[in-house]
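There are two complexes below, and they share subunit A, which is joined by subunit B in the first and by subunit C in the second.
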Partner chain A sequence: MEHDIKTQLDLHGVVCPINFVKTKLALEELEPGEHLEIILDEGDAMLNVPRSLKEEGHRIVKVEPLGETFRVVVEKGSS
Partner chain B sequence: MTETHFDIAALKKIGMIQQKQKEYFAMRLHVVGGDLTSTQMKKVAEVAEKYGRGQLHLSTRQGVEIHFVHHGNLELARKELESVGVTMGACGPRIRIVVACPGELTCRWGIIETKAIVHDLDEKYFRQETPHKFKLSVTGCPHNCAKATENDIGVMGGLLPVWQRDACTDCGLCVNICPTGAIQKNGEYYVLNSAKCINCSICTSSCPMDAWTADKRGFILWLGGTMGKIPRLASRLPELIETKKRLYELIDRAIEYYRRNGRKKERFGHMIDRIGIEKVNEEILHGT
Partner chain C sequence: MNEEQIERYSRNIILKGVGGKGQKRLLQSKVLIIGAGGLGAPVALYLAAAGVGTIGLVDGDAVDLSNLQRQVIHFTADVGIPKVDSAKDKINRLNPDVEVKIHKERVWASNIREIIRDYDFIVDGTDNFPAKFLINDACVLYGKPYSHAGILKFNGQTITVLPGKSACYRCLFIAPPPAGAVPSCSEAGVLGGMAGVIGTIQAVEVLKYLLGLGDLLTDRLLVFEALPMRFREVKVKRNPACPVCGENPTIISLVDYEQKACDLKK
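Let's turn to the complex of A and B:
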């Protein structure tokens, strides 16, 4: 299922925790239920950002590998 | 005072190690799991200034050593340290200070309470004699920060994940972040290859729907790791140990087996290689 993407953010080469901070700021511009697409590096970024998003009440709805990065679709939580 | 007035071997046993400057000793302190209180730390600094040269050394095993203490001051320094509960360490062919990571008390990845285990192990085994030096480590999860695999015995927290179909929304995160590729999608099902799974909890912590949950939590036991002249990574006992009782029973058997079979100056792991891992595992898992 493809999601209607509201905003895209390329975080390739952006280190932790700046990548998460930028993701949060981008999510602040969205309404609950809207989708943000981020590009994350493999390794630490993929280990930390998805889990931090979960802790903040957002939900990852799709992950696809793109070479050494990943395309991650995040749905903004209601809280 | 001449050298004959002190017993080098007895001092070494309690972590007072003669330096190459023969009148001086390094005092290795008993720092269990790398933990000291601020009061203890202040006292250690004070003793280093008063009886040494204000020089402290952090060992590779989370220990603290006070260097350049004249042999005539060793007892005085020891008594002062004891006033705040800091006791002496160990050196030579015996069980050394047990190291640990902070574990689930503070770490978001921690699966087990490393601090409780490190104190149990310390209380039971510290300074006991073994054929050669013997090092234990307790690490909270398979990230392995406390290097369980580089110790004669390493305890590691671990969990076995299980997938709940009803909760899964098919985002694919787990397949993409599992560090060993143990999760694969097969049709509409996510399948765990338990032979590849390292029990690390990355899938259970990250899954946005909690579709991966812990089916079992427990301990992984690593045997025979060592660094030194002939490095050898530890071998994993092939089970996820579910109770502390069973964990301690297995550790006890492993140490006893080493005492019976290890040769002088032969590390546990090198003994395992000489005898054969299958035989040693069998004895430890099912021996009496």
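Let's turn to the complex of A and C:
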């Protein structure tokens, strides 16, 4: 595997901003530098969640399409 | 947190600096509101909405029809019932996560220590000087952070006190004014929305304190004048001669001042 994924979270069908809230809560359980994989719907979710994560100091390390959804790998920031 | 809590508190959790950890801290916090009236109403409602886990309410009065003009936690059907019961019912209906503890009494020198003991933060929402000085002295003597506020006519003021660290109410005002020197709400009137403006600032200060965010309203008395619609800040600092938190305190135990002031019943 290309990344050591610590946690996975399927947010398909979860609307904004609850998808971001759940991502944020999952990241709180990780150490800085660890990776979280989330499944996001195209549209609003993909538009907003990665941007919000970057604003909070996390890094988007991989984005790949997965049918009608996207698989996004997030690296927890240090702040 | 369960799914319902994640959704209920989502707008808190989203905030940078709050998150799930901050929300859990709020849920574990205990805040005491003295006075379930004009100021206490928005404080209680916003703290309950935010998920402050334990809210204590102290008030010995019953809801009066003349209270409803500003005490928005009480409704017309509540007239005649104890304010703490009325407020508890609204808090429970707003957020069942909150445990409400009621104290159906006034604070006195003899009971205040026991009442404030278990709380993390105290909110002064009272309407008279004797109570305000008593709350200040008790909070300073027992090391409880608290928010002072008062409203009258078209004016309001508030300050946050961290005992031993920032100026207390007595650093600003040595002693209560003589009874009758300052008119009470029932004599002078008060615009209802004043309670919302000032009480809401108190609620925000409580949340900031509990979350450890930003700069508290310490060593600054915030004065609000509604008619010119102006906020002013009066810089204050700890008074070395303060009778309760100064270098040689003369107030080392609690006293009751004459209780005249704002008898809101009539």
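Assume the second predicted complex is superposed on the first by the 78 of 79 C-alpha atoms of A that agree within 3 Å, B and C clash if a C-alpha of one lies under 4 Å from a C-alpha of the other, contacts with A are read in each partner's own complex, and residues count from 1 in each chain.
Note that in this section a contact is a pair of C-beta atoms (placed from the backbone, for glycine too) under 8 Å apart; a residue touches a chain by one contact, two chains touch by 3 or more.
What you are looking at is a predicted structure, and each value in this text was computed from that prediction instead of being measured.
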Request  = Consider subunit A as the common anchor and indicate whether subunit B and subunit C clash or fit when overlaid.
outcome  = fit
Request  = Please determine whether it is subunit B or subunit C that touches the greater number of subunit A residues.
outcome  = B
Ask   = What is the contact status of A:Leu25 with respect to subunit B (first) and subunit C (second): first, second, both, or neither?
value = second
Query = Is A:Met46 contacted by the first partner subunit B, the second partner subunit C, both or neither?
reply = first
Ask   = So, does A:Glu56 touch the first partner subunit B, the second partner subunit C, both, or neither?
value = second
Key: First (subunit B), second (subunit C), both or neither touched by A:Pro65   = first
Ask   = Which angle, in steps of 10°, is spanned at subunit A by subunit B and subunit C when each chain is reduced to its C-alpha centre?
value = 80
Ask   = After the superposition, what is the least C-alpha distance between subunit B and subunit C in whole angstrom?
value = 12
Key: Footprint of subunit A on subunit B - complex, ascending   = 108, 169, 171-173, 175-177, 202, 205-209
Inquiry  = So in the complex, the part of subunit A that touches subunit B is made up of which residues?
reply    = 46-47, 50-51, 53-54, 59-65, 70, 72-73
Query = Tell me, which parts of subunit A touch subunit C in their complex?
reply = 17-18, 20-22, 24-25, 28, 52, 55-56
Key: Touch list for subunit C against partner subunit A, complex   = 1, 6-7, 10-11, 13-14, 16, 19-21
